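Chain naming follows the written order as A, B, C and D, and within any one chain the residues start at number 1.
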Amino acid sequence: MDFDITRTGRAIFHVTDLEASRRFYVDALGFVVTEEDDNHLYLRGYEEQGHHSLLLKKADKAAVEVMSYKVYNDSDLDMIEKAVIKKGLPHKWLEKGEQHAMGRALRVQDVSGLSLEFFANMDRVESLLQRYDLHRGSKVQRIDHFNVLVPDVQKAYDFYNDELGFRPSEYTEDENGKLWAIWTHRKGNVHDQAFMNGNGPRFHHVGFWLPDPLALINTCDVLASMGMADSIERGPGRHGLSNAFFLYLRDPDGHRVEFYFGDYFTGDGDFEPKRWSVHDKTRQTFWGHEAPDSWFDETSPYLHVITGEEVKTEKAKLTLYKPDFTM
Amino acid sequence: MDFDITRTGRAIFHVTDLEASRRFYVDALGFVVTEEDDNHLYLRGYEEQGHHSLLLKKADKAAVEVMSYKVYNDSDLDMIEKAVIKKGLPHKWLEKGEQHAMGRALRVQDVSGLSLEFFANMDRVESLLQRYDLHRGSKVQRIDHFNVLVPDVQKAYDFYNDELGFRPSEYTEDENGKLWAIWTHRKGNVHDQAFMNGNGPRFHHVGFWLPDPLALINTCDVLASMGMADSIERGPGRHGLSNAFFLYLRDPDGHRVEFYFGDYFTGDGDFEPKRWSVHDKTRQTFWGHEAPDSWFDETSPYLHVITGEEVKTEKAKLTLYKPDFTM
Amino acid sequence: MDFDITRTGRAIFHVTDLEASRRFYVDALGFVVTEEDDNHLYLRGYEEQGHHSLLLKKADKAAVEVMSYKVYNDSDLDMIEKAVIKKGLPHKWLEKGEQHAMGRALRVQDVSGLSLEFFANMDRVESLLQRYDLHRGSKVQRIDHFNVLVPDVQKAYDFYNDELGFRPSEYTEDENGKLWAIWTHRKGNVHDQAFMNGNGPRFHHVGFWLPDPLALINTCDVLASMGMADSIERGPGRHGLSNAFFLYLRDPDGHRVEFYFGDYFTGDGDFEPKRWSVHDKTRQTFWGHEAPDSWFDETSPYLHVITGEEVKTEKAKLTLYKPDFTM
Amino acid sequence: MDFDITRTGRAIFHVTDLEASRRFYVDALGFVVTEEDDNHLYLRGYEEQGHHSLLLKKADKAAVEVMSYKVYNDSDLDMIEKAVIKKGLPHKWLEKGEQHAMGRALRVQDVSGLSLEFFANMDRVESLLQRYDLHRGSKVQRIDHFNVLVPDVQKAYDFYNDELGFRPSEYTEDENGKLWAIWTHRKGNVHDQAFMNGNGPRFHHVGFWLPDPLALINTCDVLASMGMADSIERGPGRHGLSNAFFLYLRDPDGHRVEFYFGDYFTGDGDFEPKRWSVHDKTRQTFWGHEAPDSWFDETSPYLHVITGEEVKTEKAKLTLYKPDFTM
């Protein structure tokens, strides 16, 4: 690869009620507000030095505008453009200044129909890691990963692995040896981007890293004390796959957020991805209550990077396994 | 009251496979084995200076032999005898030496048909609280409470309150103002003995205190790593009632154990018991997944203190509310 | 004993700068402010249903007005009066209404010159235990104990044990078998009141219970982030005596506060107090850095309950052991 | 850079009493023993899939044989050889099979006299991350970093940065703008290799990552319960630099081990290293007791990679600042 994608960068969510979103993300979960106006809420975790890792935009309809990755150098963006042109993928540039607090960005509709963005520069802000006097709620540290449903996991993975340089950490196969789900990374932990077999492309969740397991328990306590216990969809529990101590929340628009703690280093050159059978119950849930149907069935749509229209979905190529679907 | 019941003392469980019990309580949960022989396993928590707080006896059938309370002085036992004679309750003495490691004990079949025991003295052993090198598994600290189903909660409570001096901390009423469940204590935290409306008398669970919330999470991790995740019946979650961070386990014979952390001081003279409506959802579950049916339906039988036969049960006097039953 | 002292009730500190105290106790440590005016700050922990457990009064000079214990019934106060009259101790009544939010209170100058108060009733307020959305800082739960220096520990203990009913949990003896320090309780954990050999009577510290060990670590982080790391005098560490995970802080007037977690149940009738030699290094510090000189040398004076003058001190009767003094 | 050093790989310590080392590292701290014989102890953390990250060799004298880094591909080793030949540095190859469980390794005496090793392959073993039933003691997860004293930090850093590709995360300057200490990384957290101004080259410590803050507290408890509290040299505390919650231990030969938790992601292309003044007290200790003299003065010697003799040291070029030396 002649470019270097560093990590998961930011998510842009369209939300229908910014006040409700603020109450959930800021008042309850304790996300840091870097900036806000009538139509935008720029949020980050306490250690983050990028301007934001979650951008909420007021809109008529809930959707995911893009999943965005940070690259090492600005020139990496030009190399990525070459790769997407070679693949014939729809794409466009947003120049520096077109997006608040951002350098130029390349937006791409990928082979699975996912709406992607790549950027090298975002305004740098002060890390609040040692401003413990300001830490509240879930004490969110930083963005960690995205997880999506795609109809053809093998195809999605081939693009991310061959063309973008994402490395596999763990994966699930069905009984025919077909790739059913896969976790891929750039930054050296379990994932920056996961793909699960499903009707898609649809967005499943964005994951944020918490500082310790008690911050995850405290998330539940704070939500319950504010009358928002219903926003807890699944967990606390531990995934077999990734080893994460997890909690899944639904925001007021139904976007799903995972709070995540406890995976491991995956950056070795001789690291061997871990294989799971789709029928292994401990894969999804090492321990923890059964995931509710909503966790499998409810997801967010993508908006096309050129047209802005909701991206059409296709049926999953492989069987949907709900009882022990995936994490 | 002219006697002083100090606290929940010990549970005696009949179990059918002592090896399976040992694997669960000792290998997985890390209970301390004070002593054992072919037919008995004497277990305690790390801070306990009593010989045991959980006695497992090999038997043909799973059952609860007694729930046992510790009194302050040996002479308190005589006063309790007077009280039970006055109430005409079946009772008997087990003299010092009849039970291993125990002083004399008074056994009583109470007004609800519950099999009780009272004792003042049990062999004292070394506290292992500061033997951190030995702490394993769930790092169980000490026994905390019993919880039972009785057909007439008001009647059960009146006996415990009026005759035995248990003080109420929290309680649940139905829409007619009838007492549906109540938590009572002697030692100054939320409970030593709880009663819930149900077909009974049946034993619901014994609660043990853990040293911190992570020990509860670690319990789940250890059980899962040993292939015993199925023994987790409910939790982790937080009860509204009692504020406990809880985890319910089922032992190999189906006896239920609660791991419990985080209630509060209830010993004030002007303490006012907290009232909950049976229809308040947050009462049972401040947050956490829905309790499975087994949590409501499956309980352990008592053995009669005189005959040794299984105690007959009666139908609950009040409506059974499953969706938001109680904790 | 024909009366029942329930527990440590409240401390009243005279402080010279209420704004500085507020910044320390409220902004940094997260104590709940029940009420405040220009001259008073009424503070409590998150689970407490009493109006306050720490009262700060603006004054010209830092001092301890009283250490106050809560009794079970109002009539217990009359019985205590009889006991202090029998001992010929200076005392007076403050009638209901003389002190804000308080019922009548009996103030006593005890045999060691300590300024004591006993009360049965204080205004009841809402517990904030389940208002996790409000918990901040150290998440202080409740007041736990007092620790004082007295010149004659045996004499102080005899009064508390024989006349007031405090039970011993752990104690320290010197090489001649003299009582060098002792921890006594009413509520069933390690202490409500500790006495250490020293020039006195002087107030060493008030202890508050934290919800878990991470709240103690977080206390350090928050203080450091506010530029107040210098208020950490000793710890984190673990005491051999009591097993507490501890942290000692000095407030802006030099009053000492201990944050405390992890002792054990002491309420058994056959509980045997644990003896330590004054020369056992693990007694004071199971692990942790050496205590600084200030911890031994700096204490707060008492004000006489009748005259309001600072109470005169006497030399300690036994040797002062600094290197491994006591906790 | 035309090669890719992945991360800190392993330390090789010479120890004089393997039984004492085993008691410390295995019995107390809970390191996993992958293999052992009369002269070697191969240790790793619970998540590690490399055969070992700490190799203890029985020897007459305590010393550090090498600090070893893992590279991505075997061919990277040839490129590193070219770089060290260009710099005229002493080096040699150890072929596959010469060292147990290892592929070929390149050993280098670097510009500061540090004894280095580079390898691509080590036998892969099972991760025990999800064998929670086996986790004990400190629950060590993985090796994290090395910290050393060198007489010329600028020179040491220039070599690591220019020739080996280590990126700076935080650094300390003296009042003349001279580089006094620096933290550099390859794997995207605060450090794989730190350099501090001092008489050197001498080895200061190897850092291991713990799973959560309570594992660090538990380390102290377990050591104290085994009578080894004296092996705790410094901490618990938090460094300003790196934000780590830290604990420093001395093994039976005086080698220093840091247990470490809580730094942050440093892999962004526009990451700006954080500058500290050597006179900033919060740099070394955000909070925590003063470091003892031993922490500054006592270090381990290196053995020359060619001669096996102890490497000679030189005086530090810059002033030694003890009161607020560095972390």
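We adopt the following convention: a residue touches a chain if its C-beta (ideal position, glycine included) is under 8 Å from a C-beta of that chain, and two chains touch if they have at least 3 such contacts.
None of these values were measured; they are calculated from a predicted model.
K.L.:
Looking only at C-beta pairs in contact, point me to the busier pair out of A-C and A-B.
P.N.:
Between the chain pairs A-C and A-B, A-B carries more contacts.
K.L.:
Based on the averaged CA atom positions, which chain is farthest from chain B?
P.N.:
D
K.L.:
Whole-Å distance, chain A centre to chain C centre, using C-alpha means?
P.N.:
Centre-to-centre distance between chain A and chain C: 50 Å.
K.L.:
Distance between chain B and chain C based on Cα centroids, please, to the nearest Å.
P.N.:
Each chain reduced to its C-alpha mean, chain B and chain C end up 33 Å apart.
K.L.:
Hey, how far is the Cα centre of chain A from the one of chain B, in Å?
P.N.:
For chain A versus chain B, the centre distance works out to 44 Å.
K.L.:
Could you pull out the residues of chain D that touch at least 2 other chains?
P.N.:
130, 212-214, 221, 224, 286
K.L.:
What part of chain C is in contact with chain B in the complex they form?
P.N.:
Residue positions touching the partner: 4, 6-7, 47, 49-50, 70-73, 120-121, 124, 127, 129-130, 141-142, 187-188, 211-213, 240, 243, 262, 264-265, 267-272, 286.
K.L.:
Give every residue of chain C touching chain D within the complex, in rising order.
P.N.:
Chain C residues touching chain D: 213-214, 217, 220-221, 223-224, 229, 232, 236-238, 245, 282, 285-289.
K.L.:
Help me check something: in the complex, which residues belonging to chain B touch chain D?
P.N.:
27-28, 130-134, 136, 212, 214, 218, 221-222, 224-226
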